[in-house]
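Have a look at the structure below, then the notes.
Labels run A, B, C and D following the written order; every chain starts at residue 1.
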Amino acid sequence: MNQAIENLLQRFGEAVHEWKLVSPNEVHLTVSASHWREVAQYLRDDPLWQMDYPADLTVWDTGNEFGVYLRLWCSVYNRNVIVLTSIPREEPRIASLATLYPGVDWHEREMYDMYGVIFEGHPNLKRILLPDDWEGFPFRKDYVAEPSGNPLHGPQPVN
Amino acid sequence: MIEAITQFFTQHPLLWAFVKAVVLASFTLVIPLAVIYVERKIAGFIQSRLGPLHVGPQGTFQTAADALKLLLKEDIVPEGADKRFFYLAPYIAFVSTVLCFMVLPFAPGWVALEMNVAVLFIIGVSLFNVVSILMAGWSSNNKYSLLGGLRAVAQLLSYEIPMVLSVLAVVFYTGSLSLTGIIEYQVKHGWNIWHPPIMIAALIYFICALAEINRTPFDLPEAESELVSGFNTEYSGMRFAFFFASEFANNFFITAFAAALFFGGWDGPVLPPIVWTFLKVFVMIFVFMWLRWTPPRLRIDQILRFAWQLLVPVSLANLLFAIALGVR
Amino acid sequence: MVINVGPQHPSTHGVLRLILTLDGEQILACEPVIGYLHRGLEKMMERRPYRHNIPFTDRLDYLAALSNNLAICQCIERLGGVEVPERAQYIRVLLMELQRIASHLVFLGTFGTDLGATTMFLYAFREREMVLDLLEECTGARLTYNWVRVGGVPDDLPEGFGQKVLDFVKLFRQRIEEYDMLLTRNRIFRSRTQGIGVIPKETALAYGCSGPVARASGIPYDIRKVAPYEVYNRVEFDVPVFEDGDVWARYLVRMEELRQSLRIIEQVLRDMPDGPVQTKLPKIFKPPAGIAYSRVESPRGELSFMMVSDGGANPVRVHIRAPSFVNLSVLPRLLEGAKVADLVAILGSIDVVLGEIDR
Amino acid sequence: MSRQRAMRDTEYNPLVYFIDGLVTLFNGMVVTWRNLWRPKITVRYPYQRRPVPPRYRGLFYLKWNEEKQRLNCVGCTLCAQACPTDVISMVKLGKGTHAGVSEFTMDLGRCMFCNLCVEACPFDAIYMGPNYELASERRDVSLFRIADLAQGGEEAVRKNIETIERLLAEEEKAKPAHAAHAAGGQSE
């Protein structure tokens, strides 16, 4: 594990802002958004890592920026890696991992749906849970959740 | 009095034919009520349920109430349906069943139309059923119905062949095309089912019968979980009732036919012949129902493969066997 | 021919819509359309204090509500560093395994109906009712249990509960034999399931399949073994793994899991210590800032909650990694070239619950 | 972790498959035959009812305290705060040691029956009862008022208010000086 982390740090240098060994088989990495895809690809292909299982991908909104969270699992060594990064709210763009890991395809679509994060290079980036004509991105902190802001609003229920 | 009536009808044969037709048609309408009720009860008991319970004693009038409800329901014709065929299909299904009952002997002399080629007639007429299903499936203008209708045609036609071959085995063995003749042969020589070639024929007939009346494991045309309800998806009200009635009457008929071919028809000790016919039919119907609630359903390619790869060759060979043994 | 399966269809198991392109009975392409049940639960959770969110999770995977309760509670516990008393952990494991049996029985029943064996449905639900009766006696509800709390479980087991569970286990062993006789060994059932909807191991890994779907494809990914939570490292059980990846293997995995669950239940009841069942927590619960996630092996696969806290009373973000959501994303690949009749078998074997897909 | 290959069948052979099919079908029919004679499990619901276990979470009720002749509820709103969906609202009656409620409403249309309010209550005042037949065709009847919730109904609510008012009045009488002092302190 230590060797693997060393190799990773050597390979990416400054791009890995922070790393933390949470438990013997779990690492948390904070990387820069520009190296998002490279790091993921490295983690998948490097024989010391072999993180071949995309467990989870999500985005959150702190009000200032979007955080991106990717959790990978390795079926060979039973290890977990959590990769974190942050992207600016004004221009939420990040490289898509859908071609690397088909499993994050729907996760990325959902995050686009809810936060409006553009995953560059995604094969089919369109809304997944909400209807195609929905306006706005409801999970953003500044989304106005009034019924009138909802394009689907109909008559209010009466008894 | 009875003599007078007999004389009256002998003088007016057309009227007598009309009476017989009406009686048979109503019989075809009433018998499904009983069969459906029994089916629901048996299904319930097998599945740890109670089945219908509240309309009438032990729910006996439940099916009648359902039939009444269906008759009173709004008759919905889907937009874009091919109206003529859509209207016609259920009645064709029903008429084909009634026609089959025409030549079926229930007891000595109890037959609407004594025909010396009854078996041939039944084989011919029952094929109308396929036509009606295809008509219903096509004219509904619904993709599920169409899939169901096409499945039905493929399946019914494939199973018609081994079925006819196994029936022919009986015909050659007994040397008669008339149902009454076949039964009388059995009264003299013992039931056909105990004779080796007919045993195999009976097994094949049994399997094909399941397929012909669309029962599990051959209920593909109305595979509920895949095609919603298959060819009769778009039908409601009276027309649906006719499909349903003809299906269950068919169920009754196919077992009665089997009783005549393999189990000696009305033949049996002590009880009157008519009771024996019904007894045999209901035992067989019970087995069909028991079977229906047990296995899953097959897939269309498996069904066809089974029919063409196994049933057709085996029934052909069996037919030769029967001919060889039957010629006397 | 383009045909719409769902959102109202007998075998889509909820409001799932599949747009199929057919060539006769052959499926050329399939596009799932989801979101009919979307309620924005994740957003709702952001606006409420941590512990108020537990009842909402009942509505995710409504067939295995306790797994969801456990997942969110574990996540909050990790975020706030809360310890769980030992007895509570045993109770949790006991209820989880009962829940797994109930959920797999729904799978068994609906899968049987999908393939036309209607009676199987009634039998499976008959036994499920027994499990629900047990759970009702313990938790007070039949579907939305809400019976896990941060730092334990709300109450101890009722009097005589253990004996009732053991009685059930004894009866259920016989019933599994019966299911095998009725369905598993049936020739028709086997020809309907074998070699259908094969997910190769590489595909299952790349798509992030979990639960029985992954295990049927040869990936030994069971959170109970890979990252044991509660007391799963103290009980002995096997994880069934098959190499074939077809519908049949997925079915067998679930059947075997039923047996293993019974084993776990017996061991848990034997080893359960006495003691308190809940840790006392402050009324306003404010975990320190940070990110935490929890993984739970729900009956459908890896159910994971991820929470971001900024030290306030409400979470900043709650993310639910729903196993059905990920497993369903393989469906378009599986259905290419399959028959219409296989559609229901394949979809049934993935065992999706729309409540957690749409969240 | 056990790793095994699924029970595989031999190459397709129509006759073998057919015979196997008949045998396994017969096995299955044995099972269904056995079940045909088992006792039926149907509960004919409106005519028969299952016993409700003591922990069942149905419509909740306010506990009546026979000894003190009042409802246990003191109107502290802890339950309302614990509720994730704002089901509960109440009007407090009096204050201090003899506080109670004069009105307590529950919006059933929002209730999830999650039991969090019961767990939050420190006074043993609310419980979830065995009543589960709460379906209705109208929305306005989903609002349950105190008389619907209290154990003992209208009668209990009336007695509850009486008791609390009496106690408050007694308390007023018992410590007039203290109360006057407090009032004076406020005015200064």
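Everything that follows uses one rule, which is that a residue touches a chain if its C-beta (ideal position, glycine included) is under 8 Å from a C-beta of that chain, and two chains touch if they have at least 3 such contacts.
Not measured: the values here are computed from a predicted model.
Central chain by Cα centroid: C, whose mean Cα position is closest to the mean of all protein Cα atoms. With chains reduced to the mean position of their C-alpha atoms, the one farthest from subunit C is B. Subunit B and subunit C have CA centres that are 45 Å apart.
Between subunit C and subunit D, the centres computed from C-alpha atoms are 26 Å apart. Each chain gets one centre point, the mean of its Cα atoms, and the points for subunit A and subunit D are 41 Å apart. In whole angstrom, the spacing between the mean C-alpha positions of subunit A and subunit B is 62. Each of residues 119, 123, 126, 182-183, 186, 188, 191, 220 in subunit C touches at least two other chains. Across the assembly, subunit D contributes 25, 28, 31-32, 35, 41 as residues in contact with two or more other chains. Across the complex, subunit C meets subunit B through its residues 1, 3, 9-11, 25, 112-120, 122-123, 126, 182-183, 186, 188-189, 191-192, 339-344. Of all residues in subunit C, those touching subunit A in their complex are 34-35, 38, 40, 42-43, 203, 205-209, 219-221, 226-227, 291, 293, 302, 304, 306, 308, 310, 316-317, 319, 321, 325-326, 328-329, 358-359. On subunit B, the positions that touch subunit C within their shared complex are 46-49, 143-144, 147, 151, 216-217, 219-220, 223-228, 293-302.
Of all residues in subunit B, only 42, 44-50, 53, 290-291, 293-295, 305-306, 309-310 touch subunit D in the complex they form. Residues 14-15, 18, 25, 28-29, 31-33, 35-36, 38, 40-42, 44 of subunit D touch subunit B in their complex.
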